[in-house]
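Listed next: structures, encoded as structure tokens.
Each of the next two complexes has subunit A plus one more chain, namely subunit B in the first and subunit C in the second.
Moving on, here comes the complex of A and B:
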């Protein structure tokens, strides 16, 4: 949305990030690197039971220990909160009941970590153990009288959404082919390498500062005010540099409330650092989903209708669950035309760590189902799976069946790129048994049209100041969680003001210093904060250009700001350093500072209840081709290569975009092959391996070759045409791998992860069917192994 | 010796090397990701060999030479070629695993003494988990830094082609 056509001098290039070198030198202070004078260490005592009423808590022995300064329990902070204002169903520490193994019950502050751990052992808690429920459908079948969550409104049903667009039954009835499938997506967790950590400090006048490894400092600010029952203007939240998040730090956690309360009580700074085990308990990861799909097709591969029925296993608390339940249906309606669509999604409470948003919130699971359905249809109709997807492409400017307005759309180009890069046409038909190629596509939002709490204020705001030394300061509430959003802002300011990135200082995510931003979630920052920043920087550019033009007695349109200079576009020999240009502008205008803000268009969504949820100003598009090698003897799936083509509108900083695409594809691959976040019902709901050894995430050796192919379909809503790149490219990894496994060995993997026992069982079933004459040998080829 | 300087301090016998570095010496570059030897974020070099400082007792370091990421660039004007390559390739996203990865990678480059292959990088760094990058840009950066001509420029087009 730049106001005139100028040649970009920064946009679209690759950049050194503004904050990377200090991270690599080991001098960046993450939250756990903060050390304050007199700081105490906190620890949280956690429930050993998956479901238990708290009869009594005796903290006297712990309080009497040397070095223990304070102990708090749920009674000290009883106000229920929730990241979604309509579902406040958790408390900082359990008040009445503990709802899963690992639920926080009490917290201590002590002189050091060892003493705090000892003090936890001295807290005496009497529990009345209750029957736990681990299966979501069993949970939903219970009477509403005794819900797992004491704040639940409709028994163990956390949320139900039923939406129908068009006549689905008629659409399926007229179809030439109806593919029916049942799918199960096992839950997974974020596993950022930095564990959650928070530090609180109270000034003598009562001002509270909380440093936290959060990706939503504004929402944390609001919830702290609510739970601590103090005005927000007495609280400052700072997000220090963050060691990864992926959605796992996108709502308040018990440690943030506990450090604040313990600091208030003791008058000393308090830090809590989660152990890796606690990170697994805090979870809020991807929901396990059980999905039934019916998809109708015409003989030439056009989708006539989609019917989806989904049960979401929510765990003990709502988290973002209201939104997740909507997203499980609402985000599926592009890039393919659906004809008619109906989805029923029900989220259940269970006695497990709460599920929430993980990269690709709510839509990675249904995308897996849909894309495998398409692959099954392609096989049955004798169509190339890429061709079938092309035939269903909705194109740019389309309106989805659920009434979302699509803007730019580079999906066909994404398909073409992965088709060419993988040499699909030549290789797919000629790969031997055991080797296969699979394709999948997807779409994702560039932020949500409506904020979590309803208000008409801007969703993003940025302040930019220039000084006479030729530098710029950018104040932004946005959370850089490692994705590079601070660099994105610097690139925009550099582009507009002509100064190099080194001369731009970005200060972000400090509620005292920065304008409000809603945080790093739903892939909103590039589009929303980018637009706000472009607006502020554009106003300053105008002032600077005018000031220079006045001195040169030329039209401001002739003044170009680039390469650290103001340049006369018609006579490049005439130029001055940026600092001189800023001095002239300051002489004319006074102190140089401008604000920019962004609010979403309100005409791009459906006019029905829930029609705003999942609507976005702009949608990204992705296609993957995965190549796998399946070992018939061991069932091991070796993913060799994933080609990732992603339409990000415009790559503002090219290598950062590639990094998002590669990181996304990696994370999807991990979920497909290795990861499962589960509790063991046979062992009282205990997590079977809350460590980075037992919860296996891919190493350098496991990860396939990843090839990122950027597609740029200019988006009118985005800054310089940009859309999201951080979450969309995760989605197709999983179904592309499932479809590649089918191509390799002829078995359908409808249940995640695609672990060796499941693959072997599927291969055995296939062999039995072949032996019985029900199926021809896959690829008609002799087996590699006897 | 820590990063080339003689350090004398009293340490409790159960303290880990990571705790000593972070809490007693304020060398915060080495990170705690799991505290049990699973993630590699705490990797330092003991007598030039990568070791997990979170499962190494501090007393084990007595009389040995410890190098942390803070000391990596000392012989290179403050910025090791690996750090420069990581910066150019955007190989650090959140950067939390990066110090440990740099310490493992530096040992690899010293051991090979020339250009390394992508497979060598994957194998040498298999004990360091990264959750952001999908590893691709890290491999690009390490291979780049191992080349004798590892330039001081921002032109990485040649290495990009080589990576394809």
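Moving on, here comes the complex of A and C:
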């Protein structure tokens, strides 16, 4: 959208994040660092039962304790809410029933944390214990009369989506090969290092301020207004710097409502910091999904049709589940062309912590299934798996079978890059038994076409002001959750106004100071907020250039803003510092401030019901090659290297893009090999290890070599051609590893995670089949057994 | 963040001072704190006073005393792992101490703490809230065992990396208490009751470990498997000591000791290894014989993560591999 052919002086360079030094030096003030005079500490009492009716709550003993200022229960905030406005099915604290081990039932505010903990022990709750349901299919099979969630509308069916494009049965019937597979993705959680934390403060005039470690300050603002039954203009939400989120902080949580209510009751500031255990209970992580796939192929490897049947285990509440259920099917239709597609996805309520969005929302699980299906087809058809993917590439400007308009598409280049970097052609056929290479591809959205609540206002807006000292202030409602969005804004303003990053102050995610932005989710910020920022900064650039051109008596087109100066492009010896240029512009125009906003094009998706969900202004593309070493005696999978090629349209800031690619590949690798967010049905539905000791995420020494290969297929919808890079690069991680395991040792891992006992069991089954003469030895290997 | 319960703290400067401070009923010792503090946060104990060992200088030495190496209980795991005498005489101890948890924890945690590490179980090392959801167990607030249904004896796992190695090396432990000093073989220090898994008597403090210097050529190693390369407690833990006729892997084995941890609350000293003695260390039959005995005699339980049958199978693999690695190292 840059109108002139100027040479970029910031775009595409590597930058230090604008907040990096403060974080490195330990001076960043996170939410838990906020300490206000007279501040009380809150704690939430949680249900030890996975499913129970609350018969009575007696808070009198707790209230009578020294140092206890207030106790609240579900009855104090009974309005149901939900991040998706159509599914309000949770309350700040349980009103009628507790739905999982860890569900919040009451909260106290006390003089300090220890007193608050003691007070929780003094709250007496009588429960009527109910039969819990942990299996989603069992849950769906129950009668609709007594749903787990009291606000559920259709029994334990949280959401059902059935969409069909073309004639799938005919497409499968005419296929030369139909691959059928059943897959299971066990749940995983975000494990951001910073636990959730919120602080509330009420002014004497009733104005409420809530600081929260959230990635959606605007939605939190709205839900606070709803649940607290007060107008939004009496509430201010501020997001302090965050220590990671990954989707785990993208909706309101009990602590935010509790600190607000407790602050209102006591008149004193109140803070609640989750324990790590509570972070696991708040969850909203990746849904467990049971997936059945049928995929038809022609003899030369072209996909004829895809039939998917998925059950999502939603846990106790809807969260983003309506969207997740759509995403589990809607986001699968690129980068490969399908003739026909049908998906049936059903999300079940169960007595577990609620699932929601985790990096790559809803589509990482089906992507695993599809990419393994493709690998199975390649083996059966005798095709190179990269070549099979190439043959199915839909190209730029295509329309998917579910009618999404794809813009730029660098998928083929992604494949070519990982193929070359891994030396695929030479090495894949020659690696010994135990070593293998696997490939997978994917696509992801750059923001959702529609906001969570229907409205016609901009999806993103930015205000930029310049001052006469040569500085810029950028006001943005967007949430920097560590992904670097504040730096992205500074880079754009720097590019447009010619001032260095150090002279740009980004003020973000404060609902009093900043224009509304919808938040950090769906990989929307670079494209949407970036466009809004570019628009505002571009208007200012025009004013500044005109003011300088007037003094120099040249055409404004000759004025270049870069390197902290305004420069005459035809005579670079003539230049002035940026501050002087801004002074001239301020003399001409008055105070220099502009706004920019962005809304999505509405012509890029189908008109069918659900056709808007999953549609995006632009799509990123990714390919991974993973190299693994599988220990045939222990089943341990050592992921040696992952090559990640990602088409982000244009890398506005290279190091941040590479960091996102590496972080994504790491996160997917972790889910593939180690992570398990489960409950133990044999022990009352407890989480088996709600701590970072027992919920294992890989350490530095476990992490593979990660190689980021940036691909830039210029996207007309994006600022400077940019698309997302924060979530897409995760998707191929898991299937690439699964496919590499097959290449290494000839076993299919269709169930996550690929833990040593599971891999060893698969190896033993294969050895038995080989011994029985049912299979030839993989790679012709003669092997020793344990 | 989990909160610690309230307690008093005393910091004696002598062992006698420590023994005196331990007269307070319920008093607990703290050195590096890497075991007791998380356990206190989990409300597994509520001691009125913690007796800090950090200022007791006499616990902070390593020296050769005649034919034994004395290791003061207050030496950190990093110090033990890196000490020249330990490396020279007891490479398997250096190895095990260097594999405990993570560098930061090894810089805090002591060898005395490691041999007194409380037993661990997936149903115990959780918050008090978590345990309330399952009604507690023998080792916490309840009266049932979740690992062995119907079991009356706690089988929480001895999870120290150093203990199997020290037992394999024939170490003794010195306990000082109100009745004076006693020295007992480390092998006899552990009991089969996970709620009280050592022979420590009330008011006693472990002051040193005494490891006899090797009298002849020897190979020793420690094999640990855990899911991650750092942080984790062991899931498979085998210490091996092999005494040789000559200082070469082609030499005949004169004695072999295998000690396995992370089973129940007591490490297992594998017996009937006689059929391996007399073989050459480098003979594959030796590795197979030892691995077979380890596998036959050690039965992991569902007290720590990962299926017990899998971990049992891995005992055989890791034992054999540990011996193969010794052979490869020459």
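Going forward, the second predicted complex is superposed on the first by the 783 of 786 C-alpha atoms of A that agree within 3 Å, B and C clash if a C-alpha of one lies under 4 Å from a C-alpha of the other, contacts with A are read in each partner's own complex, and residues count from 1 in each chain.
We adopt the following convention: a residue touches a chain if its C-beta (ideal position, glycine included) is under 8 Å from a C-beta of that chain, and two chains touch if they have at least 3 such contacts.
Quantities reported herein were computed from a predicted structural model and do not represent experimental measurements.
Student: When the two structures are laid over each other on subunit A, do subunit B and subunit C clash or fit?
Tutor: On the superposed model, which is not a single observed complex, subunit B and subunit C fit side by side.
Student: A:118 contacts which: subunit B (first), subunit C (second), both, neither?
Tutor: neither
Student: Who does A:482 touch here: subunit B (first), subunit C (second), both, or neither?
Tutor: First partner only, subunit B.
Student: What's your read, subunit B or subunit C touching more residues of subunit A?
Tutor: B
Student: So in the superposed three-chain picture, is A:17 touching just subunit B, just subunit C, both, or none of them (first/second/both/neither)?
Tutor: So A:17 only meets subunit B here.
Student: Kindly classify A:715 by the partners it touches after superposition: subunit B alone (first), subunit C alone (second), both, or neither?
Tutor: After superposing on A, A:715 lies clear of both subunit B and subunit C.
Student: Of the two partner chains, subunit B (first) and subunit C (second), which one does A:627 touch, if any: first, second, both, or neither?
Tutor: Neither partner.
Student: Between subunit B (first) and subunit C (second), which does A:46 come into contact with in this model arrangement: first, second, both, or neither?
Tutor: Once the two structures are laid over each other on A, A:46 reaches subunit C alone.
Student: Could you tell me if A:701 is touching subunit B, subunit C, both of them or neither one (first, second, both, neither)?
Tutor: both
Student: Taking the superposition on A as described, I'd like to know which of subunit B and subunit C A:674 touches: first, second, both or neither.
Tutor: After superposing on A, A:674 lies in contact with subunit C but is clear of subunit B.
Student: On the A-aligned overlay, A:275 touches which partner chain: subunit B = first, subunit C = second, or both, or neither?
Tutor: both
Student: Least CA distance subunit B-subunit C after superposition, rounded to whole Å?
Tutor: Minimum C-alpha separation, subunit B to subunit C: 5 Å.
Student: Could you list which residues of subunit A make contact with subunit B in one structure and with subunit C in the other?
Tutor: The overlap between the subunit B and subunit C interfaces on subunit A comprises residues 195, 273, 275-276, 691, 693, 699-701.
Student: Give every residue of subunit A touching subunit C within the complex, in rising order.
Tutor: Within the complex, subunit A contacts subunit C at residues 46, 48-49, 101, 113-114, 117, 195, 273, 275-277, 633-634, 674, 683-691, 693-694, 696, 698-702, 755-757, 760, 786.
Student: With touch defined as at the start, can you tell me which subunit A residues reach subunit B in the complex?
Tutor: Subunit A residues touching subunit B: 14-17, 20-21, 23-30, 32-33, 35, 190-195, 241-246, 273, 275-276, 481-484, 655-656, 658-659, 662-667, 691-693, 697, 699-701, 703, 705-708.
Student: Using the touch rule from the top, collect the residues of subunit B that touch subunit A in their complex.
Tutor: For this pair, the touching residues of subunit B are 22-23, 26-36, 38-39, 41, 68-70, 72-73, 78-79, 83, 86-90, 92-99, 102, 121-123, 125-139, 154, 156, 164.
Student: Once bound in the complex, which stretches of subunit C touch subunit A?
Tutor: 1-3, 6, 102, 122-123, 126-127, 129-130, 132-134, 146, 225, 227-232, 305-307, 310, 313-314, 316-317
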